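Common to both upcoming complexes is subunit A, partnered first by subunit B, then by subunit C.
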Partner chain A sequence: MMDVGRHPRIKLLAYSEVEEVSGYVGNFKVKVRKKARYVDEEECTACGDCVEVCPVIRPDEYQMGLSSRRAIYIPFPQGVPSSYIINIEECLGVQPIACGKCAEKCDKGCIDFDMKDQIVELEVGTIIVAVGMEVYDPTPLDEYGYTRFENVITTLEFERLIDSGGPLEGHFARPTDGKMLKRIGFIQCVGSRAERRGNPYCSNICCMNTVKDSLLLRDHYPEIDITVFYLDMRAFGKGFEDLYKRSKDAGVRYVRGLPGEVKEDPQTRNLLVTVENTTACRLEEHELDMLVLSVGLEPREDSKTIQQLLSLSRTTDGFFLESHPKLKPVDTSTRGVFLAGCAEGPKDIKESVTQASAAAARAQIILNQDKIPIEAITPIIDYDLCNFCGRCARVCPYGAIVDVDPKRKVPPRVIEAACAGCGTCSAECPVGAITQRHFGDEQIFAQLEAMLGERPEEKIVVFACHWCSYAGGDMAGVSRLQYPPSARVIRTMCSGRTGERFILRAFTLGAPIVLVSGCHFADCHYINANRWTQRRVERLWDRLERASIRPERLQLEWISAAEGQKFARTMRELEEMRKKVTPEEIEYTKQVLAEKV
Partner chain B sequence: MPEDEVRIGVFVCECGLNIAGSVDCEAVRDYAERLPGVALAVRNRYTCSDPGQEEIKKAIVEHHLNRVVVASCTPRLHEPTFRKCISDVGLNPYLLEMANIREQCSWVHLHDREAATAKAKDIVKIAVARARLLEPQVEMEVPVTKAALVIGGGVAGIQAALDLADAGHQVYLVEKEPSIGGKMAQLNKTFPTMDCSI
Partner chain C sequence: MAEEAKFRCLRCGHEFIAPYDKDNPQERSCPKCKSNSVRRARER
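This part shows the complex of A and B:
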């Protein structure tokens, strides 16, 4: 931490938030709000004279509310920047100055009640998202009594209680009576691996954190009896199994089973824990002096803001989505933006550090170049056809189409470097004025004509996106899943590229069945371009129905890169559908659509 | 020969028995040779191997090919390989088209050689149709601002910022809280080494 504060090439903007990001890889423009500290952080020497005179007492967030701080405070002694801050909501001294004691006391005159938020504008080539996580709040799990019993605490509260810099200065004791305890219990998977309450995923760190805590207690207080209630102990990392074994060898008792109920003895304030020991197959009751809830991790609440600012994607659990789970684990769907630490998913310190170094290395691939090439799959606008309606700019997930103004007849302009090449603008253009480099309309029409030139009634036309559905098709192959040979696939980068005109041309050429397939919503590699795909297909279903063409002949399916099974199954189902499409139906469709076109 | 004449070379890969096991590759090659725009069709045992790539390069030069179709595996695997291969002899990398006759043909129709062969021919025909209309593309280059932004000053953000700064780059580290350190600064000791967190 100190290294950051001292480093000549790191500009630290603490107590600051990113408010606006524009631009693209190599050329991001960022607006940061540097919030007013009301203490000059350059001048403050962290002497602490101000604290002594501050009359406002508030719970200390760093100590998990287990001790108090003043309205002027330093978050923790080793904090960087090493400067005090005034919580202006709590301070009595602002307008009109009713208190001002700290300002009087500060010899250096660092305190400035008139300090204002500043907007700092930055220009950067790459961005690393390391926004971290939140710790699960166990309040909803009422059976553990966290809100009712003072001697039930969370792991983070435990950390503060046992820390020499904590409220008890390292003299561990239980909250209700300040006495040393004899029996302590840990409950694992609190808020993790739960389908109904909490989160369905494993939080990754809690098992080893408890193992660590058990050894800390063993080292300092060998007389304490320690019991851990668990579902599975996951000690998968380097050195982890060894630590777990040490804990067991040191006499820590591991009981397989999560308590169903925790009660408190009102006299002793001891906790009575009922648990089904699933190894011994018996119901047990444990009397404990203190209970620690081993709480899991959650995505930060402000992840959504960052997601929108940087056009990122998140998985269904709320953590940021990486470009590829194995081969591009720190890249994101926005080029030039990388992930590090728990922003991407729960992980321990070593993994966070490893990933941070990886993200830094990936970022340097960009920073070490003077210029970087942009893949030539950007849109081409035919300005003779364009009617300045602005739809392209509205549907672009990247804000890469600018300037267009229907009122003043200003044509759209493509910022090529910001474009990721999904092709949605092209598919959505109502006058067909936009095509895409390397995935041009003429090329796709040529593919359809070649495909349906002979015996079209035997073919199923499949539009598949590069990242998910086409990859799902590959996965079916890799897994040797057999399906009927009727499918013919057209690959585009995103299902967003699949315009109405391609689907209608396929039907006009005699296709019995057309499938549009793409990534699942949370997985779209172009943020949310596949939402436009869905709306477009829904529009087409209506249109087909009005023209008395069975809408079922146009299918929409989300198939991920991992879903080879689903790809193969879909192909089998479509083949059954194809067999039911009659030659008369195909002929009728060709006629109706030819008239319309 | 006229300069704008399309001359496509089709390279049908057997991929050992991965493709040839269920697709009659010679029949596919023979079919490809007679497609419009195709100047040359070749069958290779492994097109992606060095000899296979050399054959493509030689054919581009000797037969004045200006488009290449490789009928082999998925473009997700070897498109970068063959793009580089053709650009080595001066052909624009965007003038390559791949026909996926392995993952989406031979491997999913293992027990019907006739149907798999017919489908492979169709896939090659579709690829050739697209290849005829491929155009050279120029990749635009954009300048790079030599600075990085790290959002979040927890252990991950700190490490990323230090690595980038130590490597010589200007770094802006933005932290929402009054101090960096994140959740880790609240921990007493850390596993597996049992040392302190700050």
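This part shows the complex of A and C:
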């Protein structure tokens, strides 16, 4: 932290918030609100004279409310810059009862009650999102008694209690009586791996954190009896199994089973934990002096704001989605924006640092170039056909189409560096004025004509997106899954590219069944382009029905790269549907659509 | 309470009621056959 603060080429804006981001890779403009600290951070030497005279006492958030702080304080000891800050909501200096004691006390005159927030505007080439995570609040899991029993604490509170810089200055004791304890328990997976209450995923760090805490306790307080209640211990990282073994060898007791209930003895304030030991197949009761809830990690509450600021995608868990899990694990759907640490998913410090190094290196590649190459899959606008309606700009997930104004008849302009090549604009243009490089209308039509040239009634036309459904088809192939040979696949980068024109052309060429497939909503590699796909298919179902064509003949499926089984099953089901489409139906469709298209 | 609508699966024909928000498209799947070819059934 200190190194970052001192580095000549790193500008640290602490106590600041990004309010606006515009532009695109290489040319981002970022508006940051640098909040008023009411203390001159350059001049303040953190002598602490001011703190002694401040009359306001509040719970110290960093110490999890286990000790107190004043209205003028340093948020946490290692904070950079090492300078004081005033919580102006709590301060009496500017209230009707003017206090101003800290200002009087500070010889250097660092305190300025009139300080205002500053707006800082930055021009940057790349952005790394490293906003981290939050910790699960175990209040809803009432059976553990977190809000009812003072001796039930979270791992975060435990960290503060045992820390030499913590409220007890490292003299570990239990909260109710300040006495040394004899028996401590840890409950794992609190708020993790739970479908109904908490989060469905594994939080990744809590098993090893408990193993570490158990060894720490063993070292400092060998007399304490330690029990860990777990579902299964996950010690997957380098050297982790060894640590786990050391913990067991040191006498830490691991009980497989999560407690069903925790009660408190009102006299002793001891905790009575009932658990089904699933290894020994018996119900056990444990009396403990303190219980630590190994709480999981969650996405930050303000993730949606950051998602919108930077046009990012998130997974169903709420963490930010990487561009590709294997090949671009720190890139995002927006070019020039990278991810590091728990913002992308729960992970430990080593993995966070590894990812941060990778993100910095990826950003550096862009920053070292005067010009950046882009993939030749951007749109081409035919200005003779364009009627300035602006639909392309409205549907573009990246805001890559600008200037267009229907009232003043200003045509659209594509910022190619910002375009990700989803093709949604091309698919949605009502007059066919946009096409996409390498996925041009004529190229797709040629593929359709080739595949439906002979015996079209035996074929199923499948539009598949590059990232998910096409890869799902590949997965079915490499897994040697059997599916009928009737499927003919056309790959586009995103299902967003599958325009009405392609689907209708397939039907006019005699296709009995057409499938549009793409990524699941949460996995869309183009933020939300597949929502437009769904809307378009829904529109077409109505349109087909109005033309007395069975809408069932147009099918929609979201298939991930891992869902080879789903791909194969879908193809088998569609083959059954194909067999039921009559030659008369196909002929009628061709005629009706030929008149309309 | 969220608005609800009737949906029909275009794979297996199953009909069901589910929450519906016109401005916020959801990924839908048929509770019976799991297909995503789920269409809102319009009252005629």
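Throughout what follows, the second predicted complex is superposed on the first by the 594 of 597 C-alpha atoms of A that agree within 3 Å, B and C clash if a C-alpha of one lies under 4 Å from a C-alpha of the other, contacts with A are read in each partner's own complex, and residues count from 1 in each chain.
Following the convention adopted for this analysis, a contact is a pair of C-beta atoms (placed from the backbone, for glycine too) under 8 Å apart; a residue touches a chain by one contact, two chains touch by 3 or more.
Fair warning: this is a prediction, and the values are worked out from it, not measured in the lab.
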{"item": "Touched partner set for A:A130, first subunit B, second subunit C, both or neither", "value": "first"}
{"item": "Which superposed partner A:A568 touches (first subunit B, second subunit C, both, neither)", "value": "first"}
{"item": "First, second, both or neither for A:R480, with subunit B first and subunit C second", "value": "first"}
{"item": "Touched partner set for A:V18, first subunit B, second subunit C, both or neither", "value": "first"}
{"item": "Between subunit B and subunit C, more extensive residue contact with subunit A", "value": "B"}
{"item": "Which of subunit B and subunit C A:I372 touches, first, second, both or neither", "value": "first"}
{"item": "First, second, both or neither for A:V30, with subunit B first and subunit C second", "value": "first"}
{"item": "Partner chain(s) touched by A:A356 [first = subunit B, second = subunit C, both, neither]", "value": "first"}
{"item": "Complex contacts: residues of subunit A adjacent to subunit B", "value": "1, 3-4, 7-18, 24-28, 30, 32, 37, 62, 64, 74-76, 78-81, 83, 85, 122-133, 135, 156, 159-160, 162-164, 166, 208-209, 211-212, 215-216, 237-240, 242-243, 302, 306, 340-343, 348-349, 352-353, 355-357, 359-361, 363-364, 366-367, 369-376, 378, 416-417, 437-438, 440, 442-443, 446-447, 449-451, 459, 466, 470-471, 473-474, 476-478, 480-483, 485, 487-491, 568"}
{"item": "Sites on subunit B touched by subunit A in the complex", "value": "74-76, 94, 100, 102-105, 107-112, 115-116, 118-119, 122-123, 125-126, 128-130, 132-135, 137-194, 197-198"}
{"item": "In the complex with subunit C, residue positions of subunit A that touch it", "value": "520-522, 531, 534-535, 538, 541, 551-552, 554-558, 570, 573, 577"}
{"item": "List of subunit C residues in touch with subunit A within their complex", "value": "10-11, 25-27, 33, 35-40"}
